[in-house]
Amino acid sequence: MNLSARNQLKGTIKGIKKGDLMAEVVVEVSGQDLVAIITAASVDRLGLKTGDSVAAVIKATEVMIAK
Amino acid sequence: MNLSARNQLKGTIKGIKKGDLMAEVVVEVSGQDLVAIITAASVDRLGLKTGDSVAAVIKATEVMIAK
Amino acid sequence: MNLSARNQLKGTIKGIKKGDLMAEVVVEVSGQDLVAIITAASVDRLGLKTGDSVAAVIKATEVMIAK
Amino acid sequence: MNLSARNQLKGTIKGIKKGDLMAEVVVEVSGQDLVAIITAASVDRLGLKTGDSVAAVIKATEVMIAK
Amino acid sequence: MNLSARNQLKGTIKGIKKGDLMAEVVVEVSGQDLVAIITAASVDRLGLKTGDSVAAVIKATEVMIAK
Amino acid sequence: MNLSARNQLKGTIKGIKKGDLMAEVVVEVSGQDLVAIITAASVDRLGLKTGDSVAAVIKATEVMIAK
């Protein structure tokens, strides 16, 4: 599967915190932390766990620039 | 100003392509490219240009995980 | 690649309209039209064309309900 | 009220799971499931319940394409 | 139609700038400007023009806080 | 820090409700309520509390128009 979302940053899962419906997944990307809020059901479906090699995927229209 | 958005990845602008309303800004973050679609008006207002040190800012709810 | 985004609606591309930076892709999903705005560069990278079988992918946090 | 969001997929609510702040609403759209994460307060305000005829509303800029 | 999106700020259209695919709509909300990027097709479909009374609709998960 | 997000509405925090992972922050903007869903961790990191002067920040691509 190829996805139109152009940002697919490779990294490693550093931690996962599951809430009742949502989960917080911290991915280390070249020494910087990237936090994703996804559903807890997706954490289970993908079998995500600390240490996994993953990509953080972000649609280009969702990225802002600060200077 | 402190912003609630938890993802603020430091990087350098590698290229800017302006369309009629929108603009595509490519930011190099530790060797990986991150593309932002923002308004051309914001490129002008912030005076963005190639080589600028910036942060790519992303709300945590906008990040997906691929494995 | 498995993606955390839970909504992956199967459909067929009905039309593509490219602008200078962005593109509008209309996907027919079981008789209903779904419009996606993605970058023109992604249309080229994925080689999208009318008639292609694709999935429209939507993060669950982006879906609203109207009643 | 007419809304600029172009994607308004008609469907039926198949299930609702309420968390402390957020809620997960599953809408069946022509045989495919579409999951929405909205606030639990909106579930109450709209009086959403299983079996309701609703529309899943999605802004076009939030839709990605996978091929 | 009632919409789950909880933010529906009443205002008046101050200006519209149409690009090839997208359009920029400026809404004045109690003296502050709010900019919306929607498709040019939606501007036409809703017949939006300067002076119109509208609501700017924003899903709660899309709002950040700066302090 | 200057941010590309063009919508930065000034207001006052009227209430905060924290869930397990997420939090709901209500900001009064010129007499209208604006609800933000951010992470509970960001509420703590920014030290947000009722009565604070803040800005509600919204990327222009996230705003819809209803008429």
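Every chain is named by a letter (A, B, C, D, E and F) in the order it is written, and numbering of its residues begins at 1.
Heads up, the rule we're going with is that contacts are C-beta pairs under 8 Å (C-beta built on N, C-alpha and C of every residue); 3 or more make two chains touch, one makes a residue touch a chain.
From a predicted model like this one, the values you see are computed outputs, not experimental measurements.
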Between B-F and A-F, more C-beta pairs in contact link B-F
Given the pairs B-C, A-B or A-D, which one repeats the contacts seen at E-F for over half of the pairs?
A-B
Compute the distance, rounded to whole Å, between the mean C-alpha positions of subunit B and subunit D.
30
Using mean CA coordinates as chain centres, what's the subunit A-subunit C distance in Å?
21
Could you give the separation in Å between the centres of subunit C and subunit D, each centre being the mean of its C-alpha atoms?
17
Touching two or more other chains - residues of subunit B:
1-6, 19-20, 22, 24, 35-39, 41-42, 46, 55, 57, 59-62, 64-67
Looking at the complex, which residues from subunit F come into contact with subunit A?
1-5, 19-22, 39, 41, 59, 61
Contact set on subunit E toward subunit D in their complex:
1-6, 36-39, 41-43, 45-46, 55, 57, 60-61
Residue positions on subunit B within touch of subunit C in the complex are 17, 19-20, 22-24, 35, 37, 61-62, 64-67
Per the touch rule, the subunit C residues reaching subunit D in their complex are 3, 5-10, 24-25, 27, 29-32, 34-38, 42, 46-48, 52-67
